[in-house]
Amino acid sequence: MTERSEFRLTIACPDRMGIVARVAGRIADAEGWITEAAQHTDLEAQWFFMRWVFSLPAGGEAALNRDLAQQALEFDMRWSLSDTRIRPRVVILVSREPHCLTDLLARWRSGEMPMEIPAILSNHRELEEVASCYGIPFEHIPVTPQTREQAFQRLQDSLQALEADTIVLARYMQILPPNLCLQFRERVINIHHSFLPSFVGARPYHQAFARGVKLIGATCHYVTEELDAGPIIEQDVARIRHDDQVGDLVRKGRDVERWVLARGLRYHLEGRVLTHGNKTIVFD
Amino acid sequence: MTERSEFRLTIACPDRMGIVARVAGRIADAEGWITEAAQHTDLEAQWFFMRWVFSLPAGGEAALNRDLAQQALEFDMRWSLSDTRIRPRVVILVSREPHCLTDLLARWRSGEMPMEIPAILSNHRELEEVASCYGIPFEHIPVTPQTREQAFQRLQDSLQALEADTIVLARYMQILPPNLCLQFRERVINIHHSFLPSFVGARPYHQAFARGVKLIGATCHYVTEELDAGPIIEQDVARIRHDDQVGDLVRKGRDVERWVLARGLRYHLEGRVLTHGNKTIVFD
Amino acid sequence: MTERSEFRLTIACPDRMGIVARVAGRIADAEGWITEAAQHTDLEAQWFFMRWVFSLPAGGEAALNRDLAQQALEFDMRWSLSDTRIRPRVVILVSREPHCLTDLLARWRSGEMPMEIPAILSNHRELEEVASCYGIPFEHIPVTPQTREQAFQRLQDSLQALEADTIVLARYMQILPPNLCLQFRERVINIHHSFLPSFVGARPYHQAFARGVKLIGATCHYVTEELDAGPIIEQDVARIRHDDQVGDLVRKGRDVERWVLARGLRYHLEGRVLTHGNKTIVFD
Amino acid sequence: MTERSEFRLTIACPDRMGIVARVAGRIADAEGWITEAAQHTDLEAQWFFMRWVFSLPAGGEAALNRDLAQQALEFDMRWSLSDTRIRPRVVILVSREPHCLTDLLARWRSGEMPMEIPAILSNHRELEEVASCYGIPFEHIPVTPQTREQAFQRLQDSLQALEADTIVLARYMQILPPNLCLQFRERVINIHHSFLPSFVGARPYHQAFARGVKLIGATCHYVTEELDAGPIIEQDVARIRHDDQVGDLVRKGRDVERWVLARGLRYHLEGRVLTHGNKTIVFD
């Protein structure tokens, strides 16, 4: 049997009759064998979304790429065809809190996160040792109110040099400048430690404690220029009790942050997240 | 063996050394046998809360009541001693949505809600038949912008005539006048169909849909003069997906509303909810 | 614009290249507009499953039916094309416990369960009044050890006369005879009050209490000749605590039973459940 | 103000009238200030359980210890008074799977696990590097069918030399010999990767996959001589879908195992777990 490779195709376009038949026809022409398929039609927006995974005979993607490009014009498609063996380069930005970083690194080492980690960047030195334990380069880029502009220029240069595909803010605690948000649109993933839209901004656990809520949450979202307002990828909550102090909220919240970020990032890496306006379609 | 009756004691007071010993001593003097006990110390507010359930020999509560009254002065206690056989009189207010009402009635008939329901009041007639199926009096008190004041006067009169202990707003969809909120302070329980403090006010499912959250919620809280801002008793959430439309949120939300209201109301009826400022202690 | 009707197509067949293209082609030929689509490939069993929903121009289903029948032969398909406006006839069997029945009826009346309920059958009379409140015929078919055979013959006759598509055992507490299980294969839905395969058989809450588990569960499954061993459609759990007695497990369990049965039945009614061997594929 | 220290008292004894008053009296005599209190009465077994945390003036515990010892005789109490600053010595046993170990170490470093870790013992060398990253001694004690007896003798000697209070089997994958189970009764904590009592023994994820359950679970329990049958401390579950293969169950299960083990161990370390027969009381 011929050598086959696995590809992933995502498409978003205005909905119309016959899209599935046309795309499936192209893939059949290319001798593609579909193993995963998920579609969604937003009836209100009249928009169509799909994510398919299939294998192709060696070299078959060139022709398929041409076919799809042609069809994309006709159907006004936003589309992407990726070889699933190619692992995105993910640069992780951290400050002092280790829990999200150690969690991502443990998952990465276990093989469950399909990514390369070319470097960990931080405005502090506390987590250098963690990076070193996992054999990952660590770069210290301090940020002070005075040096903010240069620091972010340096950060941007580093990201470029590292050929970053995706940036993860693993409790980075700094607000990225708008041009960086724009340059990496839908490729900067943040974990916010509240159930957005509740408790936007600083110290959400203190806000939650003051309001007396019975559940705390975390939100994984794409970063946009507006603080904590980008498309939400994943959320979850944990139950708290009347005897939980702010410190307990922080402790319980760390668990929620870790698993929400891990799930959200994995969805992103596996091409499961499509966006439309300020909302996401997540083919989980 | 002597006949014994079960009582429930709740106490809230400034924290100090020896409270438990003193109260336990009083109960031991009265030959009380403790079967449930829960305490909480708010270290920040330096406030003490407890809920104990115990049996007493027949007639023993009179002396205990005197002892506790004396001690309450010394310790600056807010306290309550109740015979657990006495079931609070709960008046349920509804509009047109049946799901919370039918759920409460089914639970009440199964014996899991320790309450009497002297009547169901509504600004519409749609749920009269439901009340009739469960053999509960139904009173129609229409509310229009023009008749609002008289309507709420009539409502207040009915509540008085019905000797209501607790009022449940089971999707009543009307804002109670401030004097009613004050008169029934910490005895009006509302179910709000969002995970407060997100999506205060009208049409929370539409708000949630527009923001693209991944979980929807419901909140059971005591009603205060400020809309949707009273002490939270219970909350829960349900997961939604990208293919859920507003109608699906409403459907999934009905389940969350029902179980959050049922749990919150049961906590209240069993004397498990104490308040401090705008927060609740729930001895669940 | 022409009048269009909505149809649902489910297919299960050995996996091979090009199935999606072929089926999508047929539907495109019939001028079908796909609004929902879900597929699954069981890589181990090499089996393909799909559920599509689409609209067709008036009268278009006849030609599509012919096309699909032809293709089914070629691809060895088990398939079904249904008009989504046609609501299955669901006969509910109960004993004395009302909670699952009242829950299903409330959901049915709210419009969230796409079914007709031609009758409620019971071996007891306790729930006759509930049926009457919802205006549904009730038939009392007593079952005793002596009359078991005749009783089930009468039950079978009733089901036939009622033209039942699906049977729901809403805490029916009787074991159906094997011939009935066979006749209604994958159309008898039971709710078992444990997290199967734990606590098969009688008194599962007592078993759970004795073992000291920290969560109790419920399982919605298709009934087969082997007790509590059929394909599982849906499961869920609730947390219990050390102070929960068997009665509390029963109370908390009622909630889990209700929502697991409601979800499982809705999946079935909407054609979301396909089976393969003793397992289900649920396109939720 | 005098220096005060924090103590924790747990008691289990046959239930009778006046226990709380008597114990509270002793603590009040010792000028104890109670900050946490939880009690439970098992009405069926007629047994009483409590866990109290309080502060005492410097040196006050000696007298209290004498008082309690005296009272213990009278009330037939099993009791324990501990200085909460003293952190138990926990020896972690692992094989090749890192996820539970790295999780416990990250939590330990963050300060949320009140324990010392004198050593990590393993029958393999794979996790030596992890131990080294956290600066914890690692001992390799290989176990083969032939050397099993000597290996466990060596393990027992190490545990003695390390003055282990508690042993955690963090996916150790070896069955401890009965004498070790007895010696460390209620001090060996295992994480089993199923929702017990389902899927006892080997390869529970394969068993779960074969049965087609819709949730997988993990169970943290005390180890007894009978495999996977000891008192359950904590359990939790995760939802799986029809497209999850065994590998996905393993991946999702890792998360459940980690958080169930972490919660169960923390309950144990904080003296929140009391046992009665084969069941636990967990004052969470």
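Letters A, B, C and D mark the chains in the order given here, with residues in each chain numbered from 1 onward.
Everything that follows uses one rule, which is that a residue touches a chain if its C-beta (ideal position, glycine included) is under 8 Å from a C-beta of that chain, and two chains touch if they have at least 3 such contacts.
As the structure is a computational prediction, the values presented were derived from the model and not from experiment.
Enquirer: Mind listing the chains that sit against chain C and also against chain D?
Expert: Touches both chain C and chain D: A, B.
Enquirer: On C-alpha atoms alone, could you tell me the rotation angle mapping chain A onto chain B? Nearest 5 degrees is fine.
Expert: 180
Enquirer: Could you find the chain whose CA centre sits the greatest distance from that of chain B?
Expert: Result for the farthest chain: A.
Enquirer: Between B-D and A-D, flag the pair that has more C-beta pairs in contact.
Expert: B-D
Enquirer: Could you tell me the distance, in whole angstrom, between the mean C-alpha positions of chain A and chain B?
Expert: 42
Enquirer: Counting in whole Å, what is the centre-to-centre distance of chain A and chain D, each centre being its mean C-alpha position?
Expert: Roughly 36 Å, centre to centre.
Enquirer: Counting only residues that touch at least 2 other chains, which ones in chain C make the list?
Expert: 36, 43, 243
Enquirer: Help me check something: in the complex, which residues belonging to chain C touch chain A?
Expert: By the definition above, chain C touches chain A via 17-22, 24-25, 27-28, 31-39, 41, 43.
Enquirer: Considering only the defined contacts, which chain D positions touch chain A in the complex?
Expert: These residues of chain D touch chain A: 36, 98-99, 102-103, 106, 109-110, 112, 129, 133, 243, 251, 254-255, 259.
Enquirer: Sort out for me which residues of chain B touch chain A in the complex.
Expert: Interface residues on chain B, with respect to chain A: 40, 43-44, 195-199, 211-215, 217, 231-237, 241-243, 245, 278-282.
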